[in-house]
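One chain, chain A, links the two complexes that follow: it is found with chain B in the first and with chain C in the second.
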Partner chain A sequence: MKYAFSFLAVIALILIAWLGSQIPGMQYFFGVAIPYLAVMVFLGGFIYQVVQWAKSPVPFSIQTTCGQAKSLDFVKHNRLESPHTTPEVVARMALEILTFRSLFRNTKSEIYAGPKITYESSKWLWLFALIFHYSFLVIVIRHMRLFLNPVPEVIAWLDWADSMFEIGTPALYMTDAGLLIGLLFLFSRRLTNRQVRYISLANDYFPLLLLIAIGVTGVLMRMFLRDGIDIAAIKQLGVGLVTFSPVITADIGSIFYIHLFLVCVLLVYFPFSKLMHLGGVFLSPTRNMKNDSRQVRHINPWNPEIKVHAYSAYEDEFREFMVDAGIPVEKEPEPTEEAPAEAPA
Partner chain B sequence: MYNKGLIVSGLVIFVLLVTFPIWFNGLDAGPLPKPELPPGGEKECVAPAAEMRDSHMQLLNEWRDDVLRNSDRVTVTVGGKEYQKGLQIACMQCHSNKEKFCDTCHEYAAVSPTCWDCHITPTELAKKEAQ
Partner chain C sequence: MSVAKLEQLSQSVVQDPSLATGAIPTKDWMDIPVVFKPGDYAYPAKQDKVEYLNSQKGLNFPNAREWSPEDDDWKLPENWKEIIIDGLGERLEKFRSLKIFMDCCVRCGACADKCHFFLGTGDPKNMPVLRAELLRSVYRNDFTLAGRILGKMAGGREMTIGVLKEWFMYSYQCTECRRCSVFCPYGIDTAEVTMMLRELLHLVGIGINWILEPASNSNRTGNHMGLQPHTFKDNVDFLAEDVEGLTGVKIEPTFNRKGAEILFITPSADVFAEPGLYTAMGYLILFEHLGLDYTWSTYASEGGNFGLFTNNETMKKLNAKMYAEAERLGVKFIVGGECGHMWRVLHQYMDTMNGPADFLEVPKSPLTGTVFENSASTKMIHISEFTADLIKHGKLNLDKSRNSHVKATYHDSCNPARAMGLMDEPRYILDHVVDWVEMPENTIREQTFCCGSGTGLNTDEIMELRMRSGLPRANAVKYVEDKHGVNMLSCVCAIDRATLTSLMDYWNPNVGVCGITELVGNAIVLDGETRGELDEGLRTMVF
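Up next, the complex of A and B:
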């Protein structure tokens, strides 16, 4: 049900762009207005989310430690799993962000007759997640050739390296295949793994299907549905968008508007969904805090400010009443104060 | 806000990266490619101009496969004119200047076709012969 809903949503988006872009005059809506709107929502939403997270109180020092904390000299300190200094935290974060170390620990649990439960290492999630994310990164960088004029040498080189196997015309990009293979694994994992399927929601399936649709429309546009895919006209629009002088000079094929619209939907959806792990991974307190709570006190930001009323101050305030009531006091009232009070009596 | 300096600088870097094309181009769209029309004044091609713009690379590869891999050298007749299948024996008979025709768009879109791994352009050939 949940994946069917996501699937229908993606189909509906494709239909909107396909039919919409064929209405005369709507090319500027789909090619110019929507992309500008999407980028603004993306940037604004991204900043809003990060600021909200940064403002959230962190009441405790809650790093996850998976190794020996720094202790006595003869106890071996695990620097990566229980970082104690900032460079150690940076190293841990870099490995997490660049190599997805926490996915590397993924395990698979199974119940056998007995009942007996077994856990074993399962690296597939890590492997395909890595393939997908790096392919996506290269694809985004490669697309800069449609926005930069002149194209920097490094992007032209990346384009060449990515299509070096020269499969088909124009050549298939390795990263296009990597992106789709990675996404298909991540999607089928949600369908076939019972535990993961149980906890999967529509907002888990939707981004996967949206990205698959973006990848498929991209490959179709490049290799198969080339009608109206005049790359010079498309680049003129791309460069026009980033120089704030967009023009659509040719009759660009619908598949281009579908691809572009889906990317815009992704940009708009991004800041308000799980995809924000792009920013969130940097802000996860369980990874970016130092395990030094034995040396440095972590102050809970919502601790109320407590006004201390020490016993000495209490006695100062109520000493006379205490003496009158016969309660013993630590410091006797000063006789000089009492003397003038007694004299008239 | 925790780690204000770090987070604000991180966000600034992020925004600069996303808007990189704006800074790189500096609000200047740059020159558009202007491929030279055939110097001989020919008006007809094997397919309409729009179709050639979209999918000339696929046509060229089909021709290459026909001629070099399947030894199918049957000529193509369009609009009463007979064309041989080939880059230099057909296309470049009219579009005779690679640098002023092919390269203009290819450079604009950062495309590096493999045609010239085997073929040699008339300009380069003339240079070699002169040597």
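Up next, the complex of A and C:
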């Protein structure tokens, strides 16, 4: 159900862009107004979210240690998994963000008769997540050639490298294939892995389907539906958008507007969704804090004023027992008066 | 509550349809209400305990009453929903971790089968991701733009009594062990989520007795067992007599002694119940062997901190006794005994909450001269750090053969491993005092499995649940028992010593449980000792 909803939502978005862009005069709406709006929402939303996170303090030092702490000289310190200095934290974070180190640890548990539980290394999620994310990154960078004139050397080189195997005409980008393969794995995993299937929300299927649609429309535009794809006009629009003088000089095929509209939807959706893990991973306190909390005092800005149950109150309650047991006291007990004789029953 | 027979439970965890064994529930989790039956829940806190805590300055434990989770009416305050939502809002402002963990989860499912409660019960809501979704769904509904607009479509849901009951069920089926946070690509820590859930529940008077009674005892008497000063002293003195009976060496521990160099604080369970008693005897022997100038305290007689399982205010109040007592007695630094969650508090919270401890000195071993720079601010060191350093410098006269009746393995307690990074010091000690082997690699160090009964869940009325959640740990012990003939599960945690004993009795009855310092104490050759053959070390009965 949840994926069906998401699927229908993406279809609806495609129809909106397809039909809408055919209405005369609406090209400027889909090609200029929506992209500007989307970029503004994306930037504003992203900054807003990060500021919202940053506004809340980190009251306690809650690093998760995944290796031996810095301790005695002869105990080998695991500098990456239990970082003690800022450079060590940076290294840990870099590995986390660039190589998905925690995901690399993943295991799969099974319970057999006995009972016997096994934990098998399971790196598929790590592998396909990595393929998807890096492909996506390269694709985003590659697209910069549409906005920059002249095209920086680095981007031209990346473009060349990405299509160096020259499969098909025009050459298939490896990252296009990587993106779609990664997304298809992530999507089918949501349907087939019983645990993931059970926890998945529409919020999980929608971005995957949206990204698949963006990838597919992009590949279609480049490889198959080339009618009306006037690359010069597209580039002119792209450069125009970033120089705040956008013009649409030719009829560009609907597939372009669909692709662009879906990207705009992604930009708008991004800051208000789980996709913000892009920003959040940098701020996660269990990963980005030093494990030096006994060496350097961590400050909690709202540390509440709470007094201990005072020793004096404790001694007052138990003084006689303490004296009887020979435990030293601060204040000697007052000599007690003779206990009054008990009243006859 | 009777516990299922071993055979039954062994079959149940493998065959009963559950998400862990391969059956996918047909209903969406939001549409499955919780039902409380005996054995599903720990008993609610007694009214007088809640009243006592609420009367303490700085603490807030409202709505003390008699109630039962099985009743439809939980006798909540009329505006309970407002209290919960406001409480959540306040905590989002106070804890960045909560905000990040609410916003960033992508439901990749890497955490799903990492939880011992999930592996043992197969209950989908025990997957860390779903445990967090119980709160996240409400957060979305009330605190996010998408949730406000799209509601259930965006995974939001309204706060209802049913949701509140679900929170109670599942925040007390999590031991805050943090294993899931090791595997999460964003480091989302379910312990943080569980802590917040428990804090919120306390705001409307929902808490369990096995946590709040020890918390109130700790506040009043100094230890969670409620031992009064003379009883605490008597217990330690008995242990000293036992040591004398075994070794012929008379030990005279001191209490609340001003001017001692070191204040020693350990979980009170160690002076009260087997098998922790033997660990406490180990401390006495070790310190006697060293001629250490140390004192016990009856006022700060609890290392453990039941506030950690309650809310951050209670944690602070209970923890404050350690520094207060260290200052009053004028010691130089503090040595802490073997305990898991106690060390989470000491390592990650104490200095922040109750520091700076300017009146103490940076810990320096009086025997080796080693300065413990890693504790330069907190001024409190772990007994394993202290002991490992002594062994390295050859300060202990050890006879490893005295532990020849033991084939040990080592259980990393959750908190020392994942919230402190104390992993190799205990191993170094073990190497010198006993023959031991490691359990399989996915069950040790940062991937260690919880005993299944931490965070105040080691209460008898939920015994079957505990045996289920402890299964992954027990299963790993079983593996080394079968393969290497292991007969002793060593650990550095007082809760473990209590809970793993029940767990071993159930799953692996031939395996005992001990603290590391018990093995150290048994291996120490004391000056002037008249020790005979002790077949079972410090556990030998001498008449």
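The criterion applied here is as follows: the second predicted complex is superposed on the first by the 298 of 345 C-alpha atoms of A that agree within 3 Å, B and C clash if a C-alpha of one lies under 4 Å from a C-alpha of the other, contacts with A are read in each partner's own complex, and residues count from 1 in each chain.
To be clear about the criterion, contacts are C-beta pairs under 8 Å (C-beta built on N, C-alpha and C of every residue); 3 or more make two chains touch, one makes a residue touch a chain.
All figures in this text were calculated on a predicted structure; none of them were measured in a lab.
K.L.:
With both complexes overlaid on chain A, does A:298 touch chain B (first), chain C (second), both or neither?
P.N.:
After superposition on chain A, A:298 lies in contact with chain C alone.
K.L.:
With the two structures laid over each other on chain A, which partner does A:58 touch: chain B (first), chain C (second), both, or neither?
P.N.:
Both chain B and chain C are touched by A:58.
K.L.:
Quick one: is A:195 in contact with chain B, with chain C, with both, or with neither? Answer first, second, both or neither.
P.N.:
In the superposed model, A:195 contacts chain C only, not chain B.
K.L.:
By the touch definition at the top of the document, which applies to A:240: first (chain B), second (chain C), both, or neither?
P.N.:
The answer is first: A:240 touches chain B but not chain C.
K.L.:
Have a look and say if chain B or chain C is in touch with more residues of chain A.
P.N.:
The partner with more contacted residues on chain A is C.
K.L.:
Just to be sure I read the superposition right, which of the two partners does A:46 touch: chain B = first, chain C = second, or both, or neither?
P.N.:
Only chain B is touched by A:46; chain C is not.
K.L.:
With both complexes superposed on chain A, which partner does A:322 reach: first (chain B), second (chain C), both or neither?
P.N.:
A:322: touches chain C, not chain B.
K.L.:
Using the touch definition from the top, say if A:70 reaches chain B (first), chain C (second), both or neither.
P.N.:
second
K.L.:
Jot down the residues of chain A that show up as touching in both complexes, chain B in one and chain C in the other.
P.N.:
Residues 54-55, 58, 283 of chain A touch both chain B and chain C.
K.L.:
Spell out the residues on chain A that touch chain C in their complex, using ranges where they run on.
P.N.:
The touching residues are 5, 49, 52-72, 74-76, 78, 81-82, 96, 100, 102-103, 105-109, 111-117, 119, 125, 129, 193-204, 272-274, 276-277, 280-281, 283-287, 291-300, 302-311, 314-315, 317-318, 321-322, 324-328.
K.L.:
Under the definition above, what is the set of chain C residues touching chain A in their complex?
P.N.:
It is residues 10, 13-14, 19-22, 24-25, 29, 56-59, 92-100, 103-110, 112-114, 119, 124, 127, 129-130, 133, 144-146, 153-155, 178, 181-189, 192, 219-222, 228-230, 233-234, 255-258, 298-299, 312-313, 316-317, 320-321, 324-325, 328, 346-349, 351-353, 355-356, 370, 373-378, 380, 385, 388-389, 392, 417-425, 428, 440, 442-443, 445-447, 471-472, 475 of chain C that touch chain A.
K.L.:
Within the complex, which stretch of chain A touches chain B?
P.N.:
Residues in contact with chain B: 39, 42-43, 46-47, 50-51, 54-55, 58, 144-152, 155-156, 159-160, 166, 169-170, 226-232, 235-236, 239-240, 242-245, 250-251, 253, 279, 282-283.
K.L.:
Show which residues of chain B lie in contact with chain A when the two form their complex.
P.N.:
Contact set of chain B toward chain A: 1-4, 7, 10-11, 14-15, 18-22, 24-25, 27-30, 32-33, 50, 53-55, 57-58, 60-61, 105, 107-112, 114.
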